[in-house]
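Just below sit the structures, each encoded as structure tokens.
Shared chain: chain A. Partners: chain B in the first complex, chain C in the second.
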Partner chain A sequence: MAIFEVSGYKKYFELHEQIFPAGLTHLVDRTNHYNFGTKTQEFAVPPGVDPSGFLKSCNHDGGVCIEMNHGTTTLAFKFKHGVIVAVDSRASAGNYLASKDANKVIEINSYLLGTMSGSAADCQHWERLLAKECRLYRLRNNHRISVAAASKLLSNMMLGYRGMGLSMGSMICGWDKQGPGLYYVDDNGTRLSGRMFSTGCGNSYAYGVVDSGYREDMTVEEAYELGRRGITHATHRDAYSGGVVNMYHMREDGWIKVCKDDVSELIHQYRKGMF
Partner chain B sequence: MAARYDRAITVFSPDGHLFQVEYAQEAVKKGSTAVGIRGKDIVVLGVEKKSVAKLQEERTVRKICALDEHVCMAFAGIPDNTADARIVINRARVECQSHRLTVEDPVTVEYITRYIATLKQRYTQSNGRRPFGISALIVGFDYDGTPRLYQTDPSGTYHAWKANAIGRSAKTVREFLEKNYTEEAIAGDNEAIKLAIKALLEVVQSGGKNIELAVIRRNQPLKILESKEIETLVTEIEKEKEEEAEKKKQKKST
Partner chain C sequence: MLFTCMFQHFGDPGKMKDYHYTGPVEHKFSPYAFNGGTVLAVAGEDFAIVASDTRLSEGYSIHSRDSPKCYKLTDTTVLGCSGFHGDCLTLTKIIDARLKMYKHSNNKTMTSGAIAAMLSTILYSRRFFPYYVYNIIGGLDEEGKGAVYSFDPVGSYQRDTYKAGGSASAMLQPLLDNQIGFKNMEGVEHVPLTKDKAVQLVKDVFISAAERDVYTGDALRICVITKEGINEETIPLRKD
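What follows is the complex of A and B.
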């Protein structure tokens, strides 16, 4: 516009090119709701700041005892009757137990769930932002967002801040027109579709249990039991997982919350004679 | 005086008009006619082609453009305002691919129409810019197989239609369509195409060689009909007209 040229006023995106090197400018766009707003970075990182370097210096060796909330076990798998999602509920900050009853599943809407592992703050913020975008999509387009699109939005958000120290491993589960959907999304921007995923530092224990017990034609009760076992055994061996098993079952007409069982009781059932 | 400058930029006049937008709509009424028909398994776009100058290459003048494999649009504006249309078409094409990338699904016709309409509206509400001087007819199939036809105008509003016309003589063509758009008139693909040609023949001088026609069939890409095919259809239509006239004469005499 003429007056802008005369007064020398620079538009935001021109200034932005000076702050960010050429590689990142394609991520910036005018706030335009058709581009889902995730291309526009939610936070403008001030010039000259290196978030991941700062984070690295905030650990014990650097003399600073700020420990972030980390550590968890989550798992999800598809089977004949939908998707099972099971998570633990321990939130640890270094060696300190911040909570034994943390909620690691975000109910985006009645047919979409997101799990959280990694840094609790990062997971909560970005997945709630994803929930907002999904609600807006539904309002604008008169039909629900697909699981593929929701997971794509989250991974695009992660890609916008790649290399800046985010820590998030999430599984987006849902049921849409294409049937049951399960996607793994992490802070590197990885986005994978699959039949079974487990995230968090207890994931190796969970994989072992679920891999050996999985059958495609399981009944619903057998699947619930498998999910419970996976989390329980992982919490038994992994110091950073514990609390209760929160389990959800994603069905064609939406998800239901199956149970919230204390792992310390479950482990005694499963390992009779071992203690 | 205040009354004078609202004609130059898009602000409200004292009696509630946006003059620039209304002038843009007037410009659309000067453009060549375009007609769109929504059939059962086919959508048809027909445009009145201006006769090209002797030295001009015919194929550079294209008024029907594909936005994606399953959506296309025709526009009408100030005589051959392809410049404004090019901007809109380009942005729409980028948005179609952007949608495919992010949502992993092709756009619905309604979505891309809404995008184009929002784009046009934005230009009616910022200073230093003028509205786009084109109306567009957007046709296509959604991925669930439903055929759609939408029309946008320079103010940024859009509506869905079963059949519509824009440009010069749009009123005449629309009245023809209101009389002749029936379930049986669009029963088959060929019938829908013939209806579009008949509608255009109402207002186009010198018949078939001034008509450009494009169709999209369900699950098939855009097809622009060649002038030979159009000529064949026009001859068929004229034969049918003669037979109708003959029948009427016989009825009268017996």
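What follows is the complex of A and C.
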């Protein structure tokens, strides 16, 4: 109606798109759900049941065992010369190692990186969606999205599905007009800005190593070594982390990939007296 | 979806429940079943191989000895899916329909990488009520090189050189790591894999799987994908 347009009254439908700008999403519990909805994202939901408990109840029933890829250690810290991001590369599904060279850093654009920990499918999907939204922002507004805004978009996506069993712990790292930026976003909708974060089941080991060696005025080589050590020691003690250390350095002119080192070789270098 | 929920479940009957009736017990209809089967894909320099056994089982029974799990999607891509057969059938139907839609709107066939990305979104749209299917796509990429993409049931995926999925995957994957990835071997020359050697390796590997996994056996269907097309071969395996 014309009166709605004049008074600026917005229907809930349109407000919904502003709160969850990642496109309209619907939860559908028809039994004939087929995803031909390539324009609007639809999620099928088991009818009448709480989705997060549903899968647990189906497991171990007549040999059915639905395992999703999981488990990680990731870390990131800010220092004088930018942001260091280091991740491991192990993806486990239950007790089976599904992959030893999984890619847990998504390169959103040349100034933004996102890390992934928790459920691999959740991280891949929502961070790809975030990359799409960042690209649309750049095209619509003619300037790059800030790290704060990008992390806010991701945390709002998570808030929309809070309580439904998503599992994602991510760090959004970038360099924008405010300088280096580092935000931690997780599946509860938590969004924190900080100087150093580590996520995943091996995070406590990584925190210990990085906390003891961190100085704001480190050189670039010292920072690389600290990131490498943090992941290596975490993979050594945590069963669900391992593989290789993938390290990125976020600088003023964009990110560079520093290294891809196998942790079993690194641990031998670091702990010569141990074995 | 019917849940026959009778009474509240009082405490844990433990071992005693096998011997006498301890009280009312809750039963639920499970929408999933495990139908077994193993799938394997290997990518070479200019070829890709997708192989699967053809046994369809449930519990202690075999439903069929001739139910292959490789599905031809395009002239350069084959999908192998194992897990719950009902979800495999529905998923392949949906993928076929989406391939046709793409062909009609874009006037070209989907590439292997595009099919992999699309499958990831199809699987994730069922994040809260997953397809119980373990997928592996094998095919040729735009440059003509072999490509293998492996998935988990909810859509996380990555590109690999070789991957085994399904019931005997934990037995086959270490063997492939050793023979194709040259892991756990010292002082060996890393010879690139030829097509004939790869086909022989796949046959040997499935024969081993049929020896030790009850859900794998009966016959082996191998699809070899090259730029000339897709060549299918069936060889017998143990039927016990």
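Basically, the second predicted complex is superposed on the first by the 218 of 275 C-alpha atoms of A that agree within 3 Å, B and C clash if a C-alpha of one lies under 4 Å from a C-alpha of the other, contacts with A are read in each partner's own complex, and residues count from 1 in each chain.
Keep in mind that, in the parts below, contacts are C-beta pairs under 8 Å (C-beta built on N, C-alpha and C of every residue); 3 or more make two chains touch, one makes a residue touch a chain.
Keep in mind it's a predicted model, so treat the numbers as computed, not measured.
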item	value
Comparing the two partners chain B and chain C, which touches a greater set of residues in chain A	C
Touched partner set for A:Lys152, first chain B, second chain C, both or neither	first
Contacts of A:Asn141 with chain B and chain C, given as first, second, both or neither	first
Partner chain in contact with A:His125 - chain B first, chain C second, else both or neither	second
Interface residues of chain A shared between complexes with chain B and chain C	34-36
Residues on chain B engaged by chain A in the complex (per definition of touch)	95, 98, 102-105, 108, 111, 115, 118, 126-129
Of chain C, residues touching chain A in the complex	1, 3, 28, 30-34, 59, 84, 94, 97-98, 101, 120-130, 132, 150, 152-158, 160, 169-170
Chain A residues touching chain C - in the complex, by the definition given at the top	27, 31, 33-37, 41-48, 51, 54-55, 57-58, 61-69, 91, 93, 96, 98-99, 101-103, 119-125, 164-166
Residues of chain A touching chain B in the complex	1-3, 34-36, 141, 145-146, 148-149, 152-153, 156
